[in-house]
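Order of writing sets the chain letters: A, B and C. Residues in each chain are counted from 1.
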Amino acid sequence: MLNYFVTRLFRAVLTILLVMTFAFVVLRLSGDPASILLGPDAPTDSIAAFRARWGLDDPLWKQYLAYLKSIAQLDFGVSMRDRSPAIDLVLERVPATLALTVPTLLIQLGVGIPAGVYAALHRESVADRGVIMLSIFGFTIPSFVMGLVLVLVFAVTLGWLPSGGQDSWQHAILPIATMSVGGIGILARFSRSAMIEVMGQPYIRTAMAKGLSWRDVVWKHALPNASVPIVTIVGFMVGSLIAGAVVVESIFSWPGIGRLLIVSVSNRDLAVVQCLLLVIASAMVIANLCVDFAYGLLDPRLRAKAAAH
Amino acid sequence: MTAQATNITAAPSLVRRLRIRVPLLVAFGLAWLGLMVFTAVFADLIRPYDVTQMDLSARLVGPLSPGHLLGTDELGRDVLSRLIQSIRVSLAIAFGATLLSAFFGTTLGFLAAQFRGVVEHLILVLADFQAALPFLILSLAVLAFFGSSMVLLVGLMGFYGWERYARISRGLAISAGAQGYASAVVQLGAKPSRVYLRHILPNVASTLIVSMTLTFPEIILMESGLSFLGLGVQPPESSLGNMVGFGREYLTRAPWIMLGPAFVIMMTTLSISLVGDWLRDKLDPTIR
Amino acid sequence: MTALLQARGLVRCYAGQKSLFTKPSLVRAVDGVDLTLNPGETLGIVGESGSGKSTLGRMLLGIDAPTEGQVLFDGQPMPALHSAPWRALRAQMQFVYQDPLAALDRRLTIARQIGEPLEIHGLATGAELAERVAELMAQVGLRQDQGARYPHELSGGQRQRVIIARALATSPRLLVCDEPVSALDVSIQAQVVNLLRDLQERHGIAMVFISHDLKVVRNICDRVAVMYLGRIVEEASSDQIFAQPEHPYTQALVSSVPVPGKRLQGRILLKGEPPNPAQRPAGCAFHPRCAAALQICAQSVPPLQPTAPARRAACHLLDASHAGQAA
């Protein structure tokens, strides 16, 4: 098992390194990093200082090492717009994004999984068909359409909720609702199929045949086994959550990192984009790592492997 | 790796239950897709107005008004005409990108199966990299660095979902090569090109086509998302996503500008999901 | 007469259980095999599953590279695996599979597949190709209309006929058959074996026939080699081996073959575990199961040595210097 964790950890580090390299290569390909990171109208002496500090006249491999070193010191360059360090701009936006994504994830898990499991245990019922219908809808409606329709209904027509901004907790309701829908659909669908697959296994039939109560069969045999594929899907969902935040923050003018990304991309504020890229990639890698570890702990086959060593 | 593949491809087949009750849904999906393809191909002929033709005297006219079935936008341009053109652009991008990603992924998968070892590890690292960045974020970053253009957009979208094809084609090629017909043909003296193109590719084609029906709607959503954010298809060209994006500003006064394309996006992704699911059962029972 | 196929000291190792903390253990599936096959001759290779007979067959055919040792075809060493000369040589040597359905492409008609070796090696095209395919199908007893069928539309026996026709397409000089009938119904087995024998005699093809089934081997082979845990323990002409088996393992195998009209008598039942190549016993690999084992059998490996003209066996009991101890 140690082996498994070490491999995962190694791959995670490698991936982050790869993302950094990607950012480095793309940055060099797109032009002179001095004028890009400092802006076209930066004074010549600060450009010269920048070139000297980043060693832009050195061979590429040296530049690469210097680049890695500055990133290790959390130095991502300065924003073109207000000359403040990119990392500060990004970090001050993180809480706002978490305020949307964390409740969203909790709602997705709290609604999606029970709905899927319920549907699987009551196949062919009205509830089952309803869950299927809703999950298809969740999958096919793009989040920007969902968001706009919610604004149209609840903010414009009914006037119950604000349509944008971040002044009170009511402002968070529509964005969270918009982001939750798709994930609930995906989770419900996966939990349902994972559960159905598990319920068809011979050991479940055995458990029922030996007279275990329905409740025990579901809680002690079916759910633990179905949890393994579901956990894998949660890893994928963290990614779609971040992507969803970009769209939703943009619709609801929510000042999180998603909106910062859109603004920075439109202004070609590359120091900030690069910093965001690395922060998001790190968050994703850490989330995937957690999923992998949870997976390792949940799957007895991996545990057994560890014991064999 | 393969266990994951079956999990991911298994999920949408839940629609199956629904379909047995209402096989009409698939027929409906096919009809809708037919209509979309027809619209895309004959866009120039069926479009009532030119896309950029403005009529400032008839701005923000509501739907079902004479001469403008779906109304007009803030510059008095006919929404229906723009919708027809957008369907063409969005479908063309999604179609091109789907083919590109299928080609790219399948090639990598076959290379991994043929050479194993280092090549396989490289492809795994590449897949890890892609998994570490949500595709939307990756696309935004690339567009930020290089600016948006149609070619870049299709090329970028062509990287979406390649790992799915790579995983499938690698797995199937390895299993065919280990014991089965592929190793038999190698033993007859065939070159690898013949083994892969004449034997393995036709055998995995149906599975790959089914995977395309999974990727296609996702690419449509991705492109429309980027265009909605103003970073995909650029004016004067229009796509479904960018119509919704611009329509958003007139959400209160003229919701029809945005509702039409939003409806088309939904119906198209829904139809492809339904039809793809049905195809999966028809063509390839092994994928589940 | 020069030998068509010569194997010298063939060894094939597979990596066993592997992990980060332990060294991978090497399993010697084939462990030092010497063999000679003359043109037009039929050699049977017999052994239990796990004896390494299939691995040996694949090395003789050159589709698996030996870990040690060498295979000479026509006096020339086998070219590097998957190289152009290796591919060209495939026209001379062909393989008949245990599972014909798995060896056929389910998306091509059988006529296309029978003609494929001719296409690959550029031996025939167009009308000539069609003619040759028709001829091959007639030879193996397939109807012409079956050429348009797909593999899953045929029976097991018919599929094996397709494989044989495909193998014969390039008029090879060597045919390696790996358990060609064990997946077939008993009633079909004899037909396919007879077909193979007829074709072998008519075309003078040299054949290596691998099987766990002595009855089948006896029916078709000139010479038989018996394998146990990766080594040949006895090799003799087919008649000799059935009339007078020398090695205790061969004796046990032969005693279990029923003879029509007779009750099975003096059947030797092997005791102990079936052989596992990952845990090879010291000395003679067969000694834990051998009723006549001596002390020396647990200590040293008996060499394969001539016991009579054209006859070899590897057993300490046959060695005159130890024979006294047996009594």
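Everything below uses one rule, namely that contacts are C-beta pairs under 8 Å (C-beta built on N, C-alpha and C of every residue); 3 or more make two chains touch, one makes a residue touch a chain.
No experiment lies behind these values; they were computed from the predicted model shown.
Asker: Just grab the chain with the largest centre-to-centre distance to chain B, centres being mean Cα coordinates.
Answerer: Of all chains, C has its centre farthest from that of chain B.
Asker: Which chain has its C-alpha centre closest to the mean of all protein C-alpha atoms shown?
Answerer: Central by C-alpha mean position: chain B.
Asker: Hey, how far is the Cα centre of chain B from the one of chain C, in Å?
Answerer: The mean C-alpha positions of chain B and chain C differ by 52 Å.
Asker: Report the inter-chain centroid distance for chain A and chain B in whole angstrom, where each centroid is the mean of the CA atoms.
Answerer: 22
Asker: Roughly how far is chain A from chain C, centre to centre by C-alpha average, rounded to an integer in Å?
Answerer: So the centroids are 57 Å from each other.
Asker: With touch defined as at the start, can you tell me which chain A residues reach chain B in the complex?
Answerer: Spelled out, the residues of chain A in touch with chain B are 11, 14-16, 18-19, 22-23, 26-27, 29-30, 123-124, 128-129, 132-133, 135-136, 139-145, 148-149, 151-152, 156, 186, 189-190, 192-194, 197, 229, 232-233, 239-240, 242-243, 246-247, 250-251, 261-262, 264-266, 268, 270, 273-274, 276-277, 280-281, 284-285, 288.
Asker: Under the touch definition given earlier, write down the residues of chain C that touch chain B in their complex.
Answerer: 61, 63, 82, 87-91, 94-95, 97, 99, 102-108, 116-117, 120-121, 166
Asker: Contact residues on chain B for chain A in the complex?
Answerer: Touch list, chain B to chain A: 4, 7, 10-15, 17-18, 125, 128-129, 131-137, 140-147, 217, 221, 224-225, 228-231, 241, 244-245, 248, 251-252, 255, 258, 262, 265-266, 269-270, 273.
Asker: Any idea which chain B residues touch chain C in the complex?
Answerer: Residues of chain B touching chain C: 179-181, 183-192, 194, 199, 202-203.
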